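Just below sit the structures, each encoded as structure tokens.
Two complexes come next, and they have one chain in common, chain A, joined by chain B in the first and chain C in the second.
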Partner chain A sequence: MLLIEEVGMFYRDRLSFEEEDFKLKVGFLHFSSCSGCQVAFLDMFEEAVEILDTVELVYSNMLTKRRDIPRMDVAFVEGALCVEDPHHINLLREVGKKAKVVVAVGGCAAFGGVRRLSCGNQLPQPQSQTFVPITEVEFLRTKVKYAIPGCPPNPSLLYSFLLALLEVNEDFLLPFELMTSSTKASGFDIVSEVVNKGFCVGCGTCSTACPTRAISFNRECGKPAFNANLCVHCGSCLAACPQSFKPYPQPVYV
Partner chain B sequence: MRKVVKLEGIPLTEGHSGLYLEVEEGIVKRGIYYALVPVRGFETLLLGKDSRVAPTITTRICGLCQVTHAIASARAIEDAAGIEVPPEAERLREVLGLAVRVYNNLLHQIIISEDLFPEKKEQLGFIREVQEVRKFAGMVLETIGGEIIHSPNVKVGGISEPVEESVKEKILCRLSDILPKLQASFSLFREKLDDLWKREGLDEEFGKHDLNFFATDPYYGKRFDFERFSFILPQEILEAGLKRRASNLFPVIDGRPFETGPRARAVLFRGYKPKGGVKELHLLRAQENLDALKRIGEILERGRFDGELWNRKTPSSDGETLGVGVHEAPRGTNVHAVKIDKSGKITYYKIVVPTEINFFAVSEALRGAPATKVEFIVRAYDPCIVCAAH
Partner chain C sequence: MVSLNRRFLIGDFRGAFVVEGKGKNPIESIFRLMIEHQFIDGLLTCSKTGDSPKLILKSDEVELPSKNTCFGVNSLLKRAIQKYRFSKLAVYAPACTFDGLNKTQYFGIGCNWTKTAISLKVGFLCPGLLTENGFTAEVSDIAGKPGKVERFYFDRGELFYLLEDGNSIKVPPSVHHHYVNSACRYCLNMAAKGTDITCVSLKEEDKVLFIVRSERGWSTLAHLQKVSPGEVLFRKADGEPLSSVENFLREKILLNIADIVERVELGLPVPKWNDNKLRKFYRIWNSVDVNFEEEVF
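Here is the complex of A and B:
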């Protein structure tokens, strides 16, 4: 049993053993970000109360009084790791030890998000400039199971994700699993991965998914028009695109 | 005997912050409150960027009071470039600001509900009530601002999407249902706050300080002379171990520290006589929710917002004029200052957020408090650490 836990088989094993009093233990951790993703969980409004009643919230600086980080089944991590901050690195290591599964929530944790624009040199701590999404952190590689795109992620998407997690709905969770190894997050990728590869059907889903309205729809040619200035690298467009997750290998052009 | 106590991480507040306390016989003689979240560099990352993207990027400073940064940023650029904003757009921005005030103040009530309700069942009941009102505020933010968190519709020059009359009617109709609900949850909140103060043995003057108050407007925000701000670095007042870690500046106005926020607005614009102490801060914040909802109703009833609300003039300035944008955020006065050049690129950006101004107010309020109860003072100010370490 211990061995299974070690290699990252997670809460579903517990489910089969302790079905009676099983309550999923979740925690929220905040790194370099705006806290908006955690607030987005609360923006499920009434459903958020249901969730708080169904799962056991064991750690969140905002919502619990607990100071130390307990063992938990799922850790929702928002924000990028700031390499210059020793507290961040220690905290992330601890999360890696205490949590069975880590979920990267939101653009900053999953793909770097708006942190990709940071360049440091601001008072009072000009040295803070290296921000790394947690999906790229080597010592967490086996732990980060899912990445949720968006800036912030849509509350109803988070609700569906939590339900899928509780029901172990693998079909629903698969795209989130794939996104942990993806570095594709911006409108440039919509152009290079979908439009330029001939997959774009002109449905316009990417333009409706974009939280900054950086993608509009070019009616002349029926394809997305991308304004790079407004892009915050959150990954919403590529995640929403019905053509971006193909079950077969993507074609390679030589 | 004076002892130094250092606390790191204050539960039931946003972000990661710390307290440096000098304690004598259990009473705090001197305290400093500071942020420990790494600086993300919003002021430097904007340099050289097209000024029209600033509201979209600065709104991502904070996930709790998002739209206030977008509004302050847009107003600062309009001020620098001399862009006239349609008056209806300004009123809609005020509505957005007030909606986020309700949304955020109630979030604070949810955050501290573990303090207020020892019984988990009661706590969830309270959260359920509060969430209904937050859902309404979220609806206002989403229909007018485009999204609940990080509104994309606040643009330099106005609001990008008009609001149809039918949509406006829908908001007004919901508003009349929501007001009594907010009133009921306010009474419950007040009752539970009294219980908390009794349970913890705190007196009415707990957390009192004698600083002056700073606010520019009860609802929206008026221009403020940015030159009056000066900034104290944490390295100047904190000890060695914290010099490389504390990540906020301590802004002062005319060289003196101030308190900003709901109490400042009540004192300066409603003739409120402050009793001191942090309990009234909770109550004034809750009172502001009711005022804000009523004001939203007034603004929407009076105007029509289905025409063009966006002056699409390209911003351009001489690179010297300092544009200042002020918005009364939930926690106090939020100020953005910007300089832009002829091509509309940003050459200077500075952000002063309310929590930064309040760091000294919290530090002052700690003086004389029992060392075991200091967290209640910090929580009462509803600090937003991510804003402070923008």
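Here is the complex of A and C:
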């Protein structure tokens, strides 16, 4: 018998499962962010219920009452690490100890996000503190396997990601694995990585992916126009661009 | 080794038809009928001049780009799906737009729930996109005098521009290759393989070649014929129009392959998340017995 102790909105009582009913234990850990990424997980609605048949939510600062962090298979981490905050340093140690695999969810955890705009080193104002995305923390280097871009990531992306994780769909997961090695991604990348290298086809996908309208469309040259003042460094634009990566199989029609 | 056969150039398809629209542009007629009969609730495409994306909501507003210029279509995707809540959206655009759309559908990045919101993808055979400046320069180069391009079409395996003054000029692929958007020089999917229907503009304005690829495209046209018979006429096309299109694609793709090979051999940079983008094709081009159909170039 495998005894699973869990409280919260999904499992209110102590439940016991047979060995064969094993579920993937996932948790949501919150560093410095608006919690929009966890809300995006909840926005999956009916799809979330489907996934909860195979996944067990063991920890979440918003969804469970548990205070101590249990061991888990996959930790979804949102937010950037505040270097001056002792609570964050402790949380970082806990994540390193308790999680087998860490997934950096959202722009803040994956690429720094809006926290890239902080100026650093002067407590107590939050805008004056120092933040780094968890993909840049050497301590978690071996554990952070995937980074999901977006501010927040689309619920449909999170749903597809969870399914791919359960099915070990390597085709789907590979680009998110590559993104962990790229600690920066912003609208500047669309300009430098795609447009400047002669790969932009002018399809406009980056513009629709941008959550802050930092990327508009230049009608004269048929290419994206980037406004750096509005960019929150979430990486959505580069991830959505069909030229940044496309390892998916061609649709097969019969 | 990749062989430049029909399967590689045009892709798999269920059937090809020459479609006649009784004096009107048959694709516009089809989209009009589809909106009227509520097969689709909106059409995402470009303006007639092709310089700006357009979301069409009413049947009398249907107007499609007539030139090979169609930029920024996907930039209206979020507006269509998340603001207007469209769940049966049709898209008419070149292949590269569908690369972005298919990627959004597969990964979910970019626009939420795109997977279930697109009801029909109609791509047009694209010889390479040009901006307005590109057209001006290309026409000056070929005709020796400036002229405004009205529409493009294929006739007996050749690309033609119909100018505003009523004259047509033949556009040699090698000259066209020089003026197209730089990304279009690496494109190997000019026939829009990831779509339901590919349409090819023909010389007569009221005729188009339809390459129907998917079951969805097939059944949509079947339903359309059922609800408004005789509005557009379909004639099966296996011989001439298809083979001449194939010949044009072969000639243009060879130029594109030469550019890809050159770029890989010079080691020119590619985006940071996809350093294998062109090298994968380079390896397959120089190897034997590779299942290229599983790959997207």
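Heads up, the rule we're going with is that the second predicted complex is superposed on the first by the 215 of 254 C-alpha atoms of A that agree within 3 Å, B and C clash if a C-alpha of one lies under 4 Å from a C-alpha of the other, contacts with A are read in each partner's own complex, and residues count from 1 in each chain.
The working rule: a contact is a pair of C-beta atoms (placed from the backbone, for glycine too) under 8 Å apart; a residue touches a chain by one contact, two chains touch by 3 or more.
Keep in mind it's a predicted model, so treat the numbers as computed, not measured.
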Which superposed partner A:38 touches (first chain B, second chain C, both, neither): first
First (chain B), second (chain C), both or neither touched by A:82: first
Touching partner for A:197 - first (chain B), second (chain C), both, neither: second
First (chain B), second (chain C), both or neither touched by A:244: second
Partner chain in contact with A:222 - chain B first, chain C second, else both or neither: second
Touched partner set for A:119, first chain B, second chain C, both or neither: first
First (chain B), second (chain C), both or neither touched by A:207: second
Contacts on chain A seen with chain B and repeated with chain C across the two complexes: 155
Interfacial residue positions of chain C with respect to chain A in the complex: 12-14, 51-53, 69, 71-78, 93, 96-97, 99-104, 106-115, 129, 131-133, 181-184, 186-187, 193-194, 213-215, 268-274, 277, 293-296
In the complex with chain A, residue positions of chain B that touch it: 9-16, 36-45, 49-50, 52-53, 56-57, 60-64, 66, 107, 110-111, 114, 124, 127-128, 131-132, 134-135, 138, 146-150, 152, 160, 231, 233-235, 244-249, 386
Touch list for chain A against partner chain C, complex: 149-150, 153-161, 172, 175, 178-179, 182, 189, 193-194, 197-205, 207-209, 216-217, 219-223, 236, 238-254
Residue ranges of chain A touching chain B (in the complex, touch as defined): 30, 32-40, 42-43, 45-46, 48-49, 52-53, 61-67, 82, 84-85, 87-88, 114-115, 117-129, 131, 151-152, 155, 211-213, 229-230, 232
